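Contents: one structure, followed by commentary.
Naming follows writing order (A, B, C, D, E and F), and every chain is counted from residue 1.
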Amino acid sequence: MTGGLVTFGETMALFTPPTVGRLRHAGSLMLGIGGAESNVAIGVARLGLPAAWFGRVGADELGETVLTRIRGEGVDVDAAVRDSEVPTSLMIKERPQPGIARVTYYRQDGPGARLRPSDVDESVLRGAQILHLTGITPALSDSACETVRASVELARTLGVLVSLDVNYRAALWPAERATPVLRELVRHCDVLFAGDDEAELLGVTGAPEVQARRLAGLGPREVVIKLGARGAVGWVDGAPVAVDALPVEAIDAVGAGDAFVAGYLAELMSGEPVTERLATAAACGACAVSVPGDWEGFPHRDELSLLTSRHGTVIR
Amino acid sequence: MTGGLVTFGETMALFTPPTVGRLRHAGSLMLGIGGAESNVAIGVARLGLPAAWFGRVGADELGETVLTRIRGEGVDVDAAVRDSEVPTSLMIKERPQPGIARVTYYRQDGPGARLRPSDVDESVLRGAQILHLTGITPALSDSACETVRASVELARTLGVLVSLDVNYRAALWPAERATPVLRELVRHCDVLFAGDDEAELLGVTGAPEVQARRLAGLGPREVVIKLGARGAVGWVDGAPVAVDALPVEAIDAVGAGDAFVAGYLAELMSGEPVTERLATAAACGACAVSVPGDWEGFPHRDELSLLTSRHGTVIR
Amino acid sequence: MTGGLVTFGETMALFTPPTVGRLRHAGSLMLGIGGAESNVAIGVARLGLPAAWFGRVGADELGETVLTRIRGEGVDVDAAVRDSEVPTSLMIKERPQPGIARVTYYRQDGPGARLRPSDVDESVLRGAQILHLTGITPALSDSACETVRASVELARTLGVLVSLDVNYRAALWPAERATPVLRELVRHCDVLFAGDDEAELLGVTGAPEVQARRLAGLGPREVVIKLGARGAVGWVDGAPVAVDALPVEAIDAVGAGDAFVAGYLAELMSGEPVTERLATAAACGACAVSVPGDWEGFPHRDELSLLTSRHGTVIR
Amino acid sequence: MTGGLVTFGETMALFTPPTVGRLRHAGSLMLGIGGAESNVAIGVARLGLPAAWFGRVGADELGETVLTRIRGEGVDVDAAVRDSEVPTSLMIKERPQPGIARVTYYRQDGPGARLRPSDVDESVLRGAQILHLTGITPALSDSACETVRASVELARTLGVLVSLDVNYRAALWPAERATPVLRELVRHCDVLFAGDDEAELLGVTGAPEVQARRLAGLGPREVVIKLGARGAVGWVDGAPVAVDALPVEAIDAVGAGDAFVAGYLAELMSGEPVTERLATAAACGACAVSVPGDWEGFPHRDELSLLTSRHGTVIR
Amino acid sequence: MTGGLVTFGETMALFTPPTVGRLRHAGSLMLGIGGAESNVAIGVARLGLPAAWFGRVGADELGETVLTRIRGEGVDVDAAVRDSEVPTSLMIKERPQPGIARVTYYRQDGPGARLRPSDVDESVLRGAQILHLTGITPALSDSACETVRASVELARTLGVLVSLDVNYRAALWPAERATPVLRELVRHCDVLFAGDDEAELLGVTGAPEVQARRLAGLGPREVVIKLGARGAVGWVDGAPVAVDALPVEAIDAVGAGDAFVAGYLAELMSGEPVTERLATAAACGACAVSVPGDWEGFPHRDELSLLTSRHGTVIR
Amino acid sequence: MTGGLVTFGETMALFTPPTVGRLRHAGSLMLGIGGAESNVAIGVARLGLPAAWFGRVGADELGETVLTRIRGEGVDVDAAVRDSEVPTSLMIKERPQPGIARVTYYRQDGPGARLRPSDVDESVLRGAQILHLTGITPALSDSACETVRASVELARTLGVLVSLDVNYRAALWPAERATPVLRELVRHCDVLFAGDDEAELLGVTGAPEVQARRLAGLGPREVVIKLGARGAVGWVDGAPVAVDALPVEAIDAVGAGDAFVAGYLAELMSGEPVTERLATAAACGACAVSVPGDWEGFPHRDELSLLTSRHGTVIR
């Protein structure tokens, strides 16, 4: 790929009941897909930049569902692997009460856990601007973890920037196992995204602004602490930065963090200054939470101006 | 339980797209449940006899879906276990082309595989007439297999008849692993149901009538070879028996074998002669295939006469 | 039944259009069930206590729908009667404008009106802790009214506590006919639930706290005045009590009163003090209004702590 | 009305589950309407002739559904009465097995039973060509029966032809009560439609051709015996007539008889000869059974030629 | 028509995705109809006054959908023309974000653009009280514009009041083309409805109250400036008038203006004073925005009092 | 593109009611896409060969729907143009009676008609194996026709084979206008697909086998006459060829011809002999008709063997 973002991880089929309430009373579930990394790739593609995603899916209809939908969004999936040994992973996202989302995963020993270093196609990475990773993939299995490490090494060799969203998932691995792995990754990445709780997991305390600076001390040149409805703060190129969240009503908060990352990285690849990166990131997050679906509401570039003209963006 | 049938195994949530075609083009899936053993229990309950089912489900909404629906049909599920370690197993049943069904399972290391001998509640079994087992459960895990063995032993001690439907599932275990286990079970059961291909798997060749007689030689007093649209033949109490299938159009063949077993066992528990057992079994199978769903079409007793009066039942 | 709650009345099929708006523009209606008494029984069962419901349904598919769904929730329906003379009663619940519910009933001369004293199965009542009644049943017909009276008498003989929710339905009988019947019932019950308007119908005026005390003067040891979003006040064992409602958004208020009653009675049966009874009652009401459906949102016991930890419960 | 057909009776809301199977397993039902008389009026209107229907509906949303849909089809409903005393009648049409329809009615003491002679608006009848009646209306109540009698008398006074479709409904009244009433009506009608079983109910035996001739002997100038898939035979203006049914696959047979009647009467009003009346009647019946719904498949005039050119019509 | 309102224009099929979000992610669209003029006619008919609508639709199923639904609401459509040259126009109404509606039209060179003066049936207009027009129709084509002009002339000849809702649609014609045409129409109408932005388009500046008076100076006896959630002001019979909007939550604002016009004109035809006209207009607007659909929420007369008793109406 | 097929034309949004019956009675329609050329491209991509499609869509959500779904299937759409002047074309596909499909188009002056020679991107065509065209595109407008001609010329210059499917659409242009244009195209193509009626339109009479030979005389090296359920015959490289259709039940025949063409061309590009081309073409056609949707049932390569092993393929 020439320019653009490369990412990999596990993307799953996503079943969602159509209304709020107990799943047991639902007659049907809607079929979608979702994965933190492919969400970011879709977000980047919608903003007009090249994006490629790879990973493993089962050699079955849910696997084709995953690939068809990601590819449909203009993301290159040619390096994805169909693994005929296991079925495609899936998740069920319920909303038992208004405002509460509960996700159940069927991914144990699934295709994502079978990722291996040889799945990383050097030809995909060569010429890319950014390799984006999340802290989910190393939690899936030893070989997936090894794949992440190998990809970082390859990226550095090829001169590709490394971006990491910490995305700590307690259900996949305990803190004591996650912390050393994630800290090691932080040390080798250029751009880092974390929540303030995740910063603490990485051993960094203090106000979010302080956390950002301290994390930058570990290695990354750009650190952004995502604070949800409270916006974001960061430490970028040796200076503090901050952005407010846009005041929208949150319909479905899942995926908002991925939209934020996509917005930031797309502007980074476009050579925009950090204020612009954060403004776009906040706008993307606002779009994402306003409609149902993990990524379906992510904005196209021409929609950004509409949104920000309605709301304004506050860069402090 | 006083009188009636006890059975156990794994019942799963069942997702089905509403129409024929590729799953990837489906916008939604319907939520149901299914499991060979609970299907039989529901069939028996609809025919008016006591039935109890137990097994493990996850401590989640899909688990409650399984329990709610089985219990709703009048089957006692009080001995079922909610296992908070793993999510409830599920399956996806597609019809990519008319007349073709393809099922994908998410049950690896699921609640069913965590069945253990201590899950068998002696108080449930005591006083029952029949313990019904399938060849699916021993394939799930060593401990599930051990549970089956322990239940057979307990049943024999308590004077409860043991019924076995071979139900060989090649996806769960290879023939070389299944055959010795299943042969051992056959030896200890009183009533045996098998397809002609399953009879071969058990090492018994020849025409179905011959297979039935030879299988009876291994131990069971009653052997019925289920032949689908060709009806069934058997060797019961030392004599050959046969029944034709009713001439109905098959809308959804999944579950027809379970309906057949339920019909047979319900009449056996009612003290009906073998001709009546087979007639009811055939009628139940015909009802089951006529409407969508694994068990939803199973008949109530008062519906049987309507059906057989329309079609007649041919006992040869 | 050993321990637990027994209740009876009429439960109906419930048709609801999927969205707000005129029914005439709806293309389809969802199929559910509902009835004040079975709602309470389901609420009690979800909180982990034994519950039994009986009543009459038609010998038809809607009748099976009613029985299947109640039984699916773990409520014993073995004493219910299938009446082949009349079809199962049904109701249509529209929401023509947001926040307005309009229910049309098809129950005139239906199975509920055909309840008769012989439908009360002494074996069900024997050993129960509570017989729960509503003021709906005596309004259905003379024989239904007689059935209520007979059941109260039997309960008292058997030493079973009698609980009554006034539930006055103006569409079923005029105040002049209802008041004497309901007052008579109040006199013979141990636990009484009423709205403040219903208390007035019973001839008791004043602030709700005063009404509670005055109603207790008529006989019941425990009186609770349900005040919806304003919480509840009562007079229990000779002392005033009160609880606030939890501050949740009401999506569907139908059934909230039944949830409240279920919560109160479940804790009463568990031997909890009145503050705990009211706290659980308020939590159950809050759960019920938060999701669509008359009873579908009622909580399981393990969900109560989640809710109250989020909201806190104010016992004054 | 100048020219055209006037009819009256009870039209009900119609709830239908979307697929074959037990109603209890349906999650939703579709909302439609149906009634033998309004079906005929719709059929006549679609063929381009004036048609008016009246009757009673409840003053509720289902009543508006009935009126909106009939009026939408171009049938004049201005003389219909909204009766605020009772809710609109409804029916549930299930297909528990392929090819089997089961209808449950909620019409006891409903608006239809409250029809009274004063509901017959002389201004609607004056100038009409045909008053069409069915044997359902007199079965609803004494006052409905009286209304039918009064309308016949008025029609004869005004010189309006009287058409009667026997439509015997055993669930509404027993043969011994129905026969004398229906025979009396037959005596006063000009055009009579009956099934061969209904002809027997009227006391007329023999082959259908013989029945037709014998019924004509009671009074009607035109008698048609509807034989479903076997076509129809009749005795019209003193001579035998017959038509074959068109060879179409029956998806939903309900309403086919009404379509047949509509086709026959529309051509009669247009002055077409009997062969044309029967050909159109048969074509209308064929259209009706080919799509789901009681009347939704009835043809417009320009669709008739398409159909008959595909199939041909055999007039013997 | 004797008394009542006559209107004409283009009514289209209306496709709407069931939820908020990008249309591309919708699996299905709901089928409805809509058109500013038929909306007004439906509103008038629901308030109990005679109403007729005509216009052109294609000779196809969408055309029948349009006619069936308008006629179903009790509006006379006998003068409508089925034009077999072009398909019925349609529109797609998306809600990409909560509170944002986006409509795409497929009406270029459609039936509406083919309206011609000869489509105006003098017999429909004769005896009517009001001819209602919108500024949409003259924008459709030269011949549609000519039809509007011809109808105004005919109305004045027949002594029928002319009502005009400016309804400027920028997508159909630019301001420089629209302004002279609309100003000319304003000069010949008796009752005028406009937004404040539309008043400016007509060349009239100032506060809305001033605009109303100035527009009245151009010819119309009654001028009402619709201000949405801010209510309306006007200049009627030489005096200022005003009404507040009712404080309801807007679910779907499309059609609210048409409901307002229908309410005003219905009361005008009933001879009600201007305060009553405005009160009903405001109540109709409030009903319209409270439920989904362009016209489905318009009130019947007996529903008005319910609404205003809940909210009160403020006539200043 | 290196190797593979390039095609262009107009692809539209496709609205389909979910069941058989009049569209006016449908509550909703499903959203899909379709176009003869993109159908072929999807078919080729599913068989594992590179495929690119281009054309014009509106700059709106239906346009994104078209692009997303084609791209999702692995077809390169990078050369497609978003035209902000007109909305994306759409079509409505009804099934008023079983086995009858009726399509209404909204494409007049749409994006397809605005195709122009400069839309043909030389870089896409360079290196391709086949340029596939249909007789639909030249019918859309003069500039679309000119685009087809220019593309043929460019293809011949670049040494790219030209394939043409006649696809005569009488609704778009009369025979007298179509025939000379299509005959001219036939002269310049290498591979020609036509129905026997289309061959007649091209002025070639006789049995299909004779027509094929005669059409080959006009220029194309390979001519295939598609005969639907009767299979196909052809004249390829100077010799007659034929294939039977596979005996499957046709659920939805639309798109079967495109599947056939895709199968033929995919094998041609793979260097397979003509018998193999025809066998795959027939298998693709059989898959296409077996499930609903214009292209959704097209086979992947690994599904072909399953199908042909079930049915066998008869090459005569």
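Basically, contacts are C-beta pairs under 8 Å (C-beta built on N, C-alpha and C of every residue); 3 or more make two chains touch, one makes a residue touch a chain.
By chain, UniProt protein names: A, B, C, D, E, F = Sugar kinase.
All values reported here derive from a predicted model rather than from experimental measurement.
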| item | value |
| --- | --- |
| Common touching chains of subunit F and subunit A | B, C, D, E |
| Homomeric contact subunit B-subunit F: same or different residue positions, threshold half | different |
| Most distant chain from subunit D by Cα centroid | A |
| Farthest-lying chain, centroid of Cα atoms versus that of subunit F | C |
| Distance from subunit D to subunit A - Cα centre to Cα centre, in angstrom | 64 |
| Averaged-CA centre spacing for the pair subunit E and subunit A, given as whole angstrom | 48 |
| Intercentroid distance (Cα basis), subunit E paired with subunit D, Å | 39 |
| Multi-partner residues of subunit E (at least 2 other chains) | 22, 27-28, 68, 96 |
| Chain-level touch network, classified as line, ring, star, complete or other | complete |
| Contacting residues of subunit A [partner subunit B, same complex] | 15, 18, 22-24, 26-31, 60-62, 64-65, 68, 87, 90, 92, 94, 96, 104-106, 108-109 |
| In the complex, subunit F residues that touch subunit B | 30, 249, 251, 287, 290-293, 296-297 |
| Touch list for subunit C against partner subunit E, complex | 19-22, 25, 96-98 |
| Parts of subunit C lying in touch with subunit F, wherever the complex brings them together | 27-28 |
| Subunit E residues touching subunit D - in the complex, by the definition given at the top | 68-69, 71-74 |
